[in-house]
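Heads up, the next two complexes both have chain A, just with different partners, chain B and then chain C.
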Partner chain A sequence: MSKTYLASLAAALAFSTATIIPVQAETLRMASQGDATSLDPHSHNESFTNYFLANIYEGLVARDKDFEIAGQLAQSWEQVDATTWRFTLRDGVTFHDGSAFAADDVIFSMDRALSETSNFKHVLASVESYSAVDDMTVEIVTKAPNPILLNDLLDLMILDKQWAEANGAVEPINLQAEEKAFSATNANGTGPFSVVSRAQGEKTTLAAFDGYWGETGNVTEVVFTPINNAATLVSALLSGEVDLVMPLPLQDIARVENGAGVKVVSSAEARTMYLGMDQWRDQIIESPVEGNPFLDLRVRQAFAHAVDAQAIIDRVMQGQATLATQYVMDKVSGYNPDLTRLEYNVETAKSLLAEAGYPEGFELTMDCSTDRYVNDGQICQATVSLLARVGVKVNLIAQPKAQFFPKVVAPDFGTSFFLLSWTPSTMDSLNVFQNVLGTRDLENGKGAWNISGCSVPEADALAAEAAVTMDAAAREKMLQDAMALMVEDVCLVPLHVQQLVWGAAEKVEVVQHPTFEFPLEYFNVN
Partner chain B sequence: MLERIRSDFWYELLNSPVTIISAVIIVLMIIGCTFAPVFAPHTPFDPATISIMDNNMPPAWQDGADPRFLLGTDLQGRDVLSAMLYGGRISLLVGIGAVALSVVIGMTVGLLAGYFGGMTDAVLMRVAEIQFAFPPILIALLFNGILKASLPADVFAQAAVPIMILAIGLAGWVQFARIVRASAMVQRGQDYVTACHAIGLPTATIILRHITPNILGPVLVLAMLQIAVAIVTEATLSFLGLGTPLTEPSLGALIQIGSQYLFSGIWWVVIFPGIMLLVMVVAFNLVADWVRDYLNPRLR
Partner chain C sequence: MYFLLARLLQATVVMLCVALVGFLVFQFVGDPVLSLVGQETSVEDREALRESLGLNDPILVQYARYVVNALQGDFGISYSFNRDVSEMIADRLPATIELVMLSGVLSLILAIPAGIYTGIRRKGGVAQTIMALSVIGVSIPSFLLGILLILVFSVWLNWLPSFGRGDVVTVLGVRSSLFTWDGLSHALMPAAVLCLFQLGVILRLIRAEMLEVLRTDYIRFAWARGLPGQRIYFRHALKNTLVPVVTAIGLQLSSLFAFSIITERVFQWPGMGSLLLHAIGQSDIPLLAAYLIFVGLVFTISNLVVDAVYVLIDPRIRHGAH
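And then the complex of A and B:
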């Protein structure tokens, strides 16, 4: 074999590798414990489904890489008056099937979000009317000044009117009836990824959309596989079968940290865990005690002093959480930086209980889910043993969420002591006042998740005022003051803000948002 | 039969070292678990004595261990050895209690069906056969589910052990009924029963005083085997999250808690209770096996 031949062979090889690398597709293989319910963006309001679909469909506005609200399908917007908003739509945007995006698609999508089978009616709850001013302008009129209209619109995904009409997808699929309509397995959005194949519960393949209007990372293909067993999920990551696992079971963090070629990525999630105490019944339920000890502020304070939230964070959450001082985390507007949590102190707790007339403590029942939040059953067991030290005997009912939620939710609120949590999807604490902290007014849709039944009228008034205050600084102050009142009243015992913990291959660069979004257009595979 | 036990029982037993070891293990486990509060170094079912700060400690011979916890601690800071003794007590109690219930129901049904025959036999045994068509675990799940739906949640959580005994006991009586019925039918035709009739003894006396003692042999063997089955059934139900409460776990519930951490380095929470369950079940089976051989004249 001549030297010239070898040299040319080497050159040919070098040339071929050089040409192959740039065109090689960057595939991101991701896995999670569950699948998106369907591909219909108005059918089921559930975090994972919403944020999976946010890679395929887009809204008027969205959170950018830095978690700020930015225009997505809306190029810009202006407020004509206190209640009228005018959105100028982005030019030159096309849907995955090539058809152009225009104002009638926005109007159609709003109609669709308000239709009978939609699970997203709440996003337009403050809206009086909407109309297309011209082909590229949409006007929205609210019932009252709504300072967080943009936040509300984050979850409103836009579909192609012609595509939906041509394929019988004018109405969202009916979740309860488990309808198998076209829009359950097909999608046509404007987002950075289009659907290549979809097998519910098995595998979904997405491809980067060539005609996408915005900047994207280098991921050209996404293969998503649901794996519902924690051990299998982690093994898949460690063996290189998948590149991204979310969430990563806490007990396997050390394994992934020590594994070769894999890493743990974590950041704060906007989910605040708390203990709730019955403050509305005259007699607490499932307890031999006479009356309702929680009506006495000192008992609620004693509980806050007795539960060592830091120990729960260090030991049960294995450090993957931060101490909660109030009922929202620090990135949520209305967070009050001046508030502190009542410190862990057994003696203070005991003397407060004694002052309230329970020197020997008392006995009660606690409700807890075991498969909803990160290590929820373990948190409850730790709470039981911490409270036992101040003489409070807790009988724990640890149950799957399928039994837990029906027992504790409206209208019966069948619990007197429980573990729960809340994520304000709008990243605004008004959402928490409307749902969790505000005095119950079920007919007007307020306090549906106020299972404790706490009520601080002054805080209600401040929250109501904040809802219609457009001056951001004044509004923030009102929400902060309202939060301070709720914390002072020990409406709930704050525990911790849990971390988002994902496991990823070393080569994967991800962006995490506190509301659990995973915008794949910002991800890179190196 | 009792005469024979006296003459060669010890001879047969001493010739089977495996049985002796198994029997000793069973006795030790029953003593250790029954008197768990005396033997266990900690009181894992009293939440006031558990400290979350002691959690995930490895067994005493490993690095980072605490000599207070011989077999390490679980995620809540519970001493694994103590939890095994307390949990084993629940497992044994449920196993023995459930079999006792099965024996009572099974013998009653079997004696009635076998002695009276005819319509009584047909009805009782058809019911038994219908139940026999379903796997016992399914029946136990069903009873457990019905009780869970009909009792308030706090009552259900506090009555976990009696509920398990009821559910597993109700699931296991059919085998006893069949075996007792067959024996009772054989005994009914014996001369001594005819003699009892002849001297005018009441039926109840004939059944309880004269037939019952003669059919206890096979019932005893089956009961020993069924204790092992009942312990496994309890462990299975607890493993599925239907059994004992999280704060008072049985062996099966301990294994369920530990299994989530098996590959995460915290192996001791699942391995030690698993070994204990295995040894307990094998020991009961081996002893039952020997008793069966001993009582079976054809094998001698």
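And then the complex of A and C:
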């Protein structure tokens, strides 16, 4: 009697240990200086928020491990004609709450992305109409041939129609609405991770979604904590309290490199830093000089020759950047490998300024943010002293981004000399032509970030043609030619391509993309 | 009763004024719309959002609208959190209260005995050392001290966690992290940093008051009567030093509430201070306005409490009132 009892007890124990041990729970503790601003995937188009949510929600297409565009919720697609695309949806996909994914969810999400309070209307700007052909097929018709429709769709996240309707989340958050914004603090996607708890600005916990359709790494739980103070962030990594910090402040690279059990992971980021010069006013602002010196190409060339971008990389960026020859980096389509940067040469700069009628240089004001880009304030200080060598006296206004952006962006464009940067979210240089380099045409939504106000009609024409050319090679050539024209005109002075620098525990294996993406399904904790 | 009503009225006026000053300043905190939308958002869409948030109205109109809503208990929705501001504050307040209470208790436990001791044995080596340390406590910036503590206790020794708030449990209806070891270990360093400055100030004040009182006639009489030292120091002398000390403690505690900002930032403590910094960075006007009003409230309440305590500890004030 007692023997059988013991045996069954032993069997029960053996059974329970057997079921517990193989499930190795691997927790990844991440920290960053910011937090996602919302859990609603259509309410704030901000890179960190988008990439955070890309672990919870999915789109029709996404970047795979090698940064190629691959089907996600779309199993496959075909082009019926130049403007009609037909997407076959993936079978057997469920949302975190268990409900099945189907074509009406895609249609609903597209309606939602186009609604009044959405911040993602631009994603579907080229789309004429869309419809569900059947339960598992969606057809999208574009206004004109759109060669980068797939790139545009990368940022379109799909929500569950029933869930959104049941919870009053049919439209993205409306700040005017009296009711609580359910979708800001709750999520129900199809992604590899689901939200377990969320306290914005404090802590967010994600758990691996066991009904996920795809392959994932071994991370089963993610604890994300924003740590605003850079010194605390690095200390938390060094003391082993977090496994991954992103980004790692440049001044702490050496500390992490020398630390035990931690490492620095870095790769090129798609962010290109540049200096902008007012080319649209007849009189530059906040400067005693008569007229606008920047209207003369020689002055712009002189500035490019005078600013030693390599020195800025070596000293200010501590080597964590690469020299920019143009206004996009090499992984962006339309990058022109033949272009070179005007070399650093004080004498050339001086003689160009003299030819343009400024042998003694001139005085002007520069606007700069101090908390937006990596070491932005110091880049500007370096620029000021480099320009002083050619006689240009720069009065620097270094200000927090909360003051900087309202001053310099549309509609005022209140600066004549500034530091800025751009990341083309589509990884295609057409995005840069539409927002930054193309001639300003605010009514048609073009050039809203062309703060310099530069204009090269030939390049505009090439970009417009590239926008509707489906032949990939011909299109690439057009964008490259357009880029060459902009560089020749010195629309902006390119500085550098920033590096993405993360600090991680030795045991953590990460995947970095040129965008700030952190696809946690490819991460592993060994 | 009349006294209380008058004070409440006073508090309301203070908060209205604080909010008004706040709204005058908000014009310079930046454009909230830019922190709400992405880089691809069109200029018209930005303008439409600005209009719908009422940001194009004159500042006094915005202020009036805010006050009318606030009087009905509606403090608006935070731009950056998309949540009710009052809910946000209710969420974050306990963490700050916890920190302030812990550091307040710590500083009183240390400051009162140390103040009395240095007042009595002011020439002794120990007293001199305490005084020297208190100067350091008053003068070292809190962010520097915080980072030093993290370096020593978290990175080098690995004894204490460097950031965040620990496990929260409910004991007797109070939700706090101070009831668990994990919670205490998280709170210890930030509380120590917050406590150090007050400790220095209160200690020096008690010492100065003790020196003053010990010179007075009634203490000499007490010695002459042969009363034991303990009774003279603690019962007769200490009690008479308390009026200015209580004022100082009251003010210190309320400024801790308002200005635990740096400490919370360094230790990523999820309290009111880190909320304020976030709100400033995002130009989150509803959150900023509510924070300022709240700070006004804390100062008025603590002054009220200090006044009430005077009456308890000094009968002369009580009788003088009639």
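By our rule, the second predicted complex is superposed on the first by the 498 of 526 C-alpha atoms of A that agree within 3 Å, B and C clash if a C-alpha of one lies under 4 Å from a C-alpha of the other, contacts with A are read in each partner's own complex, and residues count from 1 in each chain.
Keep this in mind: a residue touches a chain if its C-beta (ideal position, glycine included) is under 8 Å from a C-beta of that chain, and two chains touch if they have at least 3 such contacts.
On a predicted model such as this, the values are computed, not experimentally measured, just so you know.
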{"item": "Which of chain B and chain C A:L396 touches, first, second, both or neither", "value": "first"}
{"item": "First, second, both or neither for A:I312, with chain B first and chain C second", "value": "first"}
{"item": "Partner chain(s) touched by A:A321 [first = chain B, second = chain C, both, neither]", "value": "neither"}
{"item": "Partner chain(s) touched by A:A230 [first = chain B, second = chain C, both, neither]", "value": "first"}
{"item": "Partner touching more residues of chain A, whether chain B or chain C", "value": "C"}
{"item": "Contacts of A:V138 with chain B and chain C, given as first, second, both or neither", "value": "neither"}
{"item": "Touching partner for A:L89 - first (chain B), second (chain C), both, neither", "value": "neither"}
{"item": "Partner chain in contact with A:G377 - chain B first, chain C second, else both or neither", "value": "first"}
{"item": "Chain B versus chain C as contact partner of A:S38, first or second or both or neither", "value": "second"}
{"item": "Overlap of chain C and chain B interfaces on chain A (superposed complexes)", "value": "231, 235, 400"}
{"item": "Touch list for chain C against partner chain A, complex", "value": "28-31, 34-43, 45-47, 52-53, 77, 79-84, 91, 147, 150-151, 154-155, 158, 161-165, 265-268, 270, 274-275, 277-278, 280-283"}
{"item": "Chain B-touching residues of chain A, taken from the complex the two chains share", "value": "230-231, 234-235, 249, 251-252, 254-255, 286, 308, 311-312, 315-316, 365, 367, 370, 377-378, 380-382, 384-389, 394-400, 407"}
{"item": "Chain A partner contacts - residues on chain B that touch it in the complex", "value": "46-48, 50-53, 55-56, 75-77, 152-154, 157-158, 241, 245-247, 260-266"}
{"item": "Sites on chain A touched by chain C in the complex", "value": "37-38, 40, 43-46, 119-122, 173, 175-176, 180-181, 184-185, 199-203, 225-229, 231-232, 235-236, 238-241, 371, 400-403, 405-406, 409-411, 422, 425, 435, 442, 445, 448-449"}
